[in-house]
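Once you scroll down, you'll see the structures, which are given as structure tokens.
In the two complexes that follow, chain A is the common piece, with chain B as its partner first and chain C second.
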Partner chain A sequence: MMALDTVSGYFTRDGRSYCIIDSDREFKECTDDIIGTLDYSESFRRIYSHPVSGENVFKFNYGPSTGGMIETLDLKIYTYGERILSLDVLPGYKQRQIRIAGESKDLALLRIERLNGFHSFSYSTLFSSAVERMLEIPVSQEVRYARIILLEIERITSHIFKTARLCESASQNIASYALMGLRERLMRAIAEGTGHRYLFGVNKIGGLRRKIDLDRIVKVARGVVKEYVNIRNGLFVSRIFIDRIENTCRAEYSFARGPVLRAAGIRYDFRMHDPYYSGIDFTPVTQNGGDSLSRFLVFSEEVERSMEIIEKCMTPGERGNFLIPSHENEAYGIETPSGDARMVFSINNDHIGHIYLRTPSILNLEAFARGIRGNVKTDIPFALESFGIWVSELGDVA
Partner chain B sequence: MNSIIFLFVLPLIPLAISFTFPKLSYYLGVISTATLAAISLVDLSGYLSFSTLTFHYFSIGFQGLSVIFEFIVAVTEIVVYVFSIYYMPEDRRLAFFISIAVFTVNSVIISRNVILFLMFWESMSISGYLLIGYKNRIKSYPPFVFFAFGELSTVFLTVGFAAYFFATGSLQIGAFVSNPYITLIILLGFIFKMGIVPLQMVEWLPIAHGNAPTSGSILFSASMTTVALYGMLVFATSSAPDIILGVLLIVFGSFSLLFGSIFAVSSENSKMLPAYSTVENSGAMIMMVGLFISWRLYDNLPLYSFILLGILIYATAHAWSKSTAFVISGISLDPDINSRRGVRIGKFSKFSAAVAAISLMGLLPLGGGIGEWFLLESLFISASSNQHVLLAVVAILSGSLASLGAGISIPTFTKYFSFMTGKSVDEGGKRRIGVPLSIGGTIVLGISLFIPFLVYVYSVSVSQITLNKHSLIFLSSLKGIPYPFLIYSVSQTTATFGFISPLFIMMFIATAALATFSIGGRQRRSIPVWNGGIDQEDEMSSFAYANVLRIILSKVYLSREEKTGGEYHERTFDIFWIMIVDFALIIRKFSSRFGKVVMNGSINRYIAYIIVAFLSVLIIVSF
Partner chain C sequence: MKLWPLESAKKGILTTGFPKKKNETISPWSTLPVRVNDEEAYCPVDAISDAGVDINRCISCGLCDNAMKPSLETGNYGVLRKEPALKKSFKIFLIDSGTCGACNTEMMSIANPYYDVSRLGIFFTNTPKQADAVAIMGVYTEKMEPVIRRAIEAMSKPSVVILFGACALSGGIIGTGLKGKFNPDLIIGGCPPDPFIIIEALEKVRGR
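Now for the complex of A and B:
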């Protein structure tokens, strides 16, 4: 069992270094020496370099704009043909800088929810709830449960999309199209129920901006999840599909996040520590393989678990306001569909001060770069799509 | 004096001056081998014939298969001599060894007597040994391995020829042998020389690791292999056919074809790759000999005549294309395909190299493709037999292996051609291989251009060999293709089974190219290589090109991927060679222990050994 006190965030402020540890809610001061001992510390700076050499070894370029990859990543494969001996990832071809510091809370929220459109509600909820806690702005239990429902709905759409991408890369085109159809059905229901298919503008500091038709969304989600489970069960008996993802890209690293970590047998899900989810009976989904199949098993089962959470939240017993004051030096977090994101910021005179955001893709990309060693070149799409890595999450937020 | 003595003496002319005027001997070699080829061609055309010369027990002759194989080998030797003019032309010893090898090869072919045959066969092995081992700095074991397996071949031939004499009462080649075991022993003697699996190291080891000069490699891989095939055919045509013998050859051949091509594609040595390809092609020819023997047993004259014609066409295409392929290896002294940068060659030379490579891929309309068609057609016809189920099943199974192996030869020679000619440095030696390469390529192209003529003259000879009174010429006209530009095959019931027209294919390619050119004119659309949107940095290596097979067939290659001292590397091994080395180590260990126990210098044990041996001899003699 790997240690859970993994350093999963690292930033500097006023000449001092701080790190975020999984088991702690607060960030702590740390020395550069400690960070230097982490062999994945470079990934906090978006550097994924693992050069190797040898007889007949050369660098084979894959990306940044190539067939089979939805994201703009340049992979430098160290190989003597087919076998991936090591991998460098250059994510800088499409990287954004989002400036938050010095902006008002509302403008900051507007920008943060545009960090990753597919997970916009996760990031907007992370920021809104953090501000609410810092400024001790209570929200109603109704808002709290509506946010949980929408977070889980976003998780379901994201996992369906990931499954569809995984199917497409493994040449399961019928399943892929069917899954994309399901996702579209759910997103249209989201658009009709919230006013935006990517849930933009739904959150505001202190509550929700619009009235949400949750019944409509959840009704569609029930049907979608039922069909998703059928398709998933069909994929389980597809020898071609399983052969392509089984034993592919074993990534068993404690620094990995979300389904990637849980697929390696680590029972860590930020929802277990998230005050928003307190009182909701919830068990993280885990697998032991650490490969693409295990990741698929984890996130596909999480779709059902998310639906169970939604059903619980549709009939909440609690009424009144909800507020859990923040700790000093708290590193706020949320379990996005790809893993936990951690955020540290301050508010000065109603404006956002220094801000640090560590997204799950920052660490999961390093897990992919390491796990893919020993696989062959054609495994890259099956591996990458199982990680749920978004280049937009690798951008700078400052 | 019988004029055949001229054929015997002709290769001796360059040999006579090789030590004093090496370069001049090469020029004379070109003239003498060209003369031999021309005489063979005229003989094949029916305008010349030689009578057998007998001297006591010995005799030499020039009829039937001898003429065809002399033609094939002489053309190969032209390439050898032309190449030698530009490659180490002042090396006296090399000139001498090449000349003596050429002389012995030619002498084997015109020998009509088994003792003479064996004598020149052994001389050929010795000359091969000298060619590999004449440099002092080389490893010692490759020449010995070559010689050891050469001697194994000689042992089988000696035993076989002795049995042949006892069975037929004749030392003359061509006497009818009814005992299939004698035929098997003799054929095995030839097969060992051809480097068939699992003894393929006979082929690749001396060539790749013996530091053999390129001209020597051509002689090993093209000439000596062809002579071994000649020996097989000479005895296969004069022996009683046997189905088990035929099936054995088909099975052995198909395994050799498959494994030869598997090892060829992964080879990164510029000489080992074509050497393994020879193992593959030898397998194909042995398969056809097996089919020939089988159909002779079933007395299907048109079919086994067609198969024999196929063997001859295949052997011609292989020998000539392989010679040119080995010339390509002379493009650089670096044997590593992966790292080499060869001399810059002209456009026609590059075209010639492509012609040889495509021919060895077995693609139409080139000679290799025509030979491959004969092989696959023979297998298809045999597989469709509903009367001879065993042969049909063997043809299907072996044909599957053969097709797989033949398919693999396409990436093999795509890799060989592109990586050998793709990168170059200007060493100022443009002419070094340009001339022999151009001549070799033109010769290979000539097979396609003159294939009707070759099929015609070979068919006439085949009719004489098979004692068919009415010559069966496998040329026809069909679907608008005029006679004689269509080659056809026969089914078991003599009806036409299939056909090809190399000329039509050539015309189709030429017409399509001209049409494209006339429509597109001189407009050229140049598209830069798309490398994911960024500039190209590294280049694909030949090692990487074949590595997918090393990974998939890791159990065949015994692929070892290791990281030592922080450096990655991958190794593959010839599984059969490892088995033989292991076996040799066991034998050595056993011999050592046996020697220590039984023959350990103890006088008592030695006397006991002599007594036991003496008593054993007495018992054997008594009964």
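Now for the complex of A and C:
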């Protein structure tokens, strides 16, 4: 139950400090002293510094722009050879300033969905549904279930991508290409069914902007998931693959988010608390190893679970409108494919007021920086992939 | 034991015949919109004028759909200088200046089995020293400017500079673009650009 008491967000407003706790839907006032006792509090300020010194220890630079990594990220590795003694992560090279406060709701939505293009639908749903709840704008059950289906489709494409990258890093190139092919198949179906491969412009406040061909997307998704399971089963019998990822980058931290947390045996998934998912029978997937293999297993099983959720939502049986009013001081949340994101904001005269957004990568990057200690440098790319970290999510949202 | 090559062979050939054959599909709103009526079209980035849609600005949001529809054409790019010396082999180094991640993964998509650009002599490289082109993605960020400059200088000549996606071209809806900072030989529009658009643009810039 440790994770349920984890402080997973921290912000200041008008000279006061507030924190978000996993077990609570509302943010609470707190003191800086309490936050200071958390050994991961620096990550809320995007500082990931873990210097070490010793005989023959030197800093090896990896990044900011180099092969093997998808996004710009600078790593300073403390080492005396191949083994990583410690690591500083400098995510600030591509730090974007994403201005939301003072903007209209519609413009803010366009910016929010470009916070992380890979998980854009998760963020646009988080924002849209929060505005709808604040302003008590009901959406139809049809829209609610369509959003859940698209959220799960986004999770499937994201998990397939991460699995493919893991395979590539572990020299399983045929499996990696096969998985990338599966992802492409699903992306094409998403484009044909929604008008955009990354689901940009699909959400709007109060519903969906376009007519979505869910039948077409889900039909392709069924085939993709079936093939994905077949590839995964093939990988399980590869001793080389298992050896490569087993015991790599073990991370058992209660502050970690999403699949990283669940791979360490902690049963926390924001979908359990999300009113959007109320009435949908759902059990989080967990593993106990905390290593890259466990995260791979969580990704794989979650792909199947997502498909099960989609099937339930295709025949929901509920009609009418859906609206769950906001709590006072609510920290809105959503389970993105990389873990839960929490958001606090206000609306003043139809414009967005102060906003605070804690994305899963903010905390998972700290878990990565700790977990990689003791591993070798060549482990970095697939350890990073298995954490589902997106540097774009670390930008300044204000 | 799984026989990977056998499993792959069973699937047949997935790879497109593009650009010799027509593209099988395209992400509709990543193509430039065209007018369908005279209604006033709303555009959050002022990309629409009487002259048409500005490929530098369009963020593929589809908010203009009351008056516009996607063209479904692959011409969402501009070649400013061709480099025919790179016709046979073209190695690209990717630089992320400040993206949301979509441009990065979309660019990488052109290597997946459905597009397999190695058949066209296009490859990705891990260092600018071995590159024939740098593809710069995302909005302007101060700390990345010197990194990008060093990458461009490190390339052996002849080489090509590509500005990739609406953020790099104009800043999109997030920030400032890179056009005033670097002189591109090729611009590719879209948010993010579709893989078929990317492939056609890369073919054209090297005179194929």
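A few notes on this one:
Going forward, the second predicted complex is superposed on the first by the 395 of 398 C-alpha atoms of A that agree within 3 Å, B and C clash if a C-alpha of one lies under 4 Å from a C-alpha of the other, contacts with A are read in each partner's own complex, and residues count from 1 in each chain.
Throughout what follows, a residue touches a chain if its C-beta (ideal position, glycine included) is under 8 Å from a C-beta of that chain, and two chains touch if they have at least 3 such contacts.
On a predicted model such as this, the values are computed, not experimentally measured, just so you know.
In this superposed model built on chain A, chain B and chain C occupy separate space and fit side by side.
Once the two complexes are overlaid on the shared chain, A:80 sits against chain B while remaining clear of chain C. Look at A:242: by the touch rule set out above, it reaches neither chain B nor chain C.
Within the superposed three-chain model, A:191 lies in touch with chain C and out of touch with chain B [touch as defined at top].
Within the superposed three-chain model, A:65 lies in touch with chain B and with chain C [touch as defined at top]. By the touch criterion stated above, A:280 is placed in contact with neither chain B nor chain C. Which of chain B and chain C touches more residues of chain A is settled by the count: it is C.
Contacts of A:21 after superposition: neither chain B nor chain C is touched.
Of the two partner chains placed around the shared chain by superposition, neither chain B nor chain C is touched by A:135. In the superposed model, A:53 makes contact with chain B only, not with chain C. Once the two complexes are overlaid on the shared chain, A:376 sits against chain B while remaining clear of chain C.
Seen from the CA centre of chain A, the centres of chain B and chain C span an angle of about 80°, rounded to a multiple of 10. With chain A fitted onto itself, chain B and chain C come no nearer than 6 Å, counting C-alpha atoms only.
Residues 64-66, 93 of chain A are contacted both by chain B in one complex and by chain C in the other. For chain B in complex with chain A, the residues that touch the partner chain are 338, 531-534, 536-541, 543-548, 550-551, 561, 563, 566-570. Contact residues on chain A toward chain C in their complex (touch as defined above): 64-68, 70-72, 92-98, 106-107, 110-111, 114-118, 120, 161, 174-175, 177-178, 180-181, 183-185, 187-188, 191-192, 195-198, 200-201, 209-210, 233-235, 237-238, 390-392, 395. Those residues of chain C lying in contact with chain A across their complex are 1-2, 4-5, 7-8, 14, 25-30, 44, 59-63, 65, 70, 95-106, 108-109, 111-115, 124-127, 138-139, 141, 143-144, 147-148, 151, 172-175, 191-192, 194.
Contact residues on chain A toward chain B in their complex (touch as defined above): 52-66, 74, 78-83, 85, 93, 376.
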